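Labels for the chains are A, B, C and D, by order of writing; each one numbers its residues from 1.
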Amino acid sequence: MENKYTNFAGDNLDNFLGHEMIEIKEDYVESKLVVTKDHKQPMGLVHGGIYSTLAETICSYGANFSGEGVFVGVNNNTDFLSSVTDGEIICKAEPIKKGKSFQLWECNISHNDKLVAVSKVRLSRIQ
Amino acid sequence: MENKYTNFAGDNLDNFLGHEMIEIKEDYVESKLVVTKDHKQPMGLVHGGIYSTLAETICSYGANFSGEGVFVGVNNNTDFLSSVTDGEIICKAEPIKKGKSFQLWECNISHNDKLVAVSKVRLSRIQ
Amino acid sequence: MENKYTNFAGDNLDNFLGHEMIEIKEDYVESKLVVTKDHKQPMGLVHGGIYSTLAETICSYGANFSGEGVFVGVNNNTDFLSSVTDGEIICKAEPIKKGKSFQLWECNISHNDKLVAVSKVRLSRIQ
Amino acid sequence: MENKYTNFAGDNLDNFLGHEMIEIKEDYVESKLVVTKDHKQPMGLVHGGIYSTLAETICSYGANFSGEGVFVGVNNNTDFLSSVTDGEIICKAEPIKKGKSFQLWECNISHNDKLVAVSKVRLSRIQ
């Protein structure tokens, strides 16, 4: 896999949370998370920050997968549409625009084929 | 503490991440996170999703601390201003508007007294 | 046309700007704006607020076109992707989620078939 | 006034809408709009796009007022808190961060001393 990110297999938030990549290719990233008690807020629902995190990760992976430059997220805007308490969350990210100095990606997050969160992640080139 | 949230001490994302409340009172919540390897993305920087998560939590805590109703986050918009690799992150949240059916809170996140992320969290009343 | 909005033809911002509806149906709204000097910022580019305004309008029209309730915009998040100096701007809006108490719509704005802005508009039911 | 913007007095959206600058200085811009029928949506309320536009303008003015570079808005995120039907709208903008390649500004918009909208505008350096 051609990607400027390193340490996929090592210590990082995604491994800590159990966030698993399913597919990373040009202009498309897909991943999943099997919900556990550690992903929830005190009411027992999956914490909103989990959706923001999943989106941030796979948009960043996509932005850095190919092409020139290293990109980091500068804004994450996530809407939470429905609550989830268990099962598997699927994330799919695609670029809205890939510019030289910035990229804008969107991520759709679903649970049992129902859309539960949508996210836009803006990334800026740092190298 | 008067708060409709429960299970603060039990299994949840904040405990899993090590997110510690410092102060929760009406119209103000403060918290901290001591950065570990588990909070980072593959480049070694604190993952953007961490800032979104911290903001989501303390804005939710604030929105549910007093008054009528139960509120859940429906949108989280976080800007990442500077990168952090270690040390302690401090979060401070205050309401922008507390309406009957929704609340809008903002959260400023700093590291060594430097602002590193800002977030707006919109919450909607569900009960 | 079944729509709870009134005064389409009278005094309002859209008529003032020259924003023309092309199609309003369930789950889809399309409109256009022919750029004039009055739509620009001092550098000669179409003002970002124009894209936000176009999106706000057609997402509101779509949200109020059918079904129960009256919805008003509570958040408008617009990304500007490319600059425009003249010609015709085309806007297309579709719902991401239509709930009982809120709706979330997205609007894609293009110029000569190139995407120049994207917007998400959240609407809350007030009646 | 030291500002890279030109054509303040000529044809542009702000003059067309009647948006008047009150004060532009380093790290602070203040402006006002006297509401007319041309600023409204069909229900008779000030159109959400007006708040987005006012914020976009004064944050852009602030970002370009001093220092190096020319900055243009790339994202406008505006929350509408209360409706307005007439009178005078006051806008106040301040920077959250002024970086070399981007700036993030916030704008608070009030009516009769009540906060009616808040906005964050991200600007990217183009020259």
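List of remarks:
What we mean here is this: contacts are C-beta pairs under 8 Å (C-beta built on N, C-alpha and C of every residue); 3 or more make two chains touch, one makes a residue touch a chain.
Everything quoted here is computed from the prediction, not taken from an experiment.
Look at the CA centroids: the one farthest from the centroid of chain A belongs to D. Counting the residue numbers that touch the partner chain, chain C and chain D have more than half of them in common. Chain B maps onto chain C through a rotation of 180 degrees [Cα fit, steps of 5, range 0 to 180]. Centroids of chain B and chain C (each the mean of its C-alpha atoms) stand 32 Å apart. Each chain gets one centre point, the mean of its Cα atoms, and the points for chain A and chain B are 19 Å apart. Between chain A and chain C the centroid-to-centroid distance comes to 28 Å (mean Cα coordinates, whole Å). Multi-chain contact residues, meaning those touching two or more other chains, occur in chain B at positions 74-75, 77, 79, 122. Chain D contributes residues 5-8, 10-14, 16, 37-45, 47-50, 52-57, 60, 70, 72-80, 83 to its touches with chain C in the complex.
The residues of chain C lying in touch with chain B in their complex are 74-75, 77, 101-102, 122, 124. Chain B makes touch with chain D in their complex at residues 77, 79, 81, 96-97, 99, 104, 115, 118, 120, 122.
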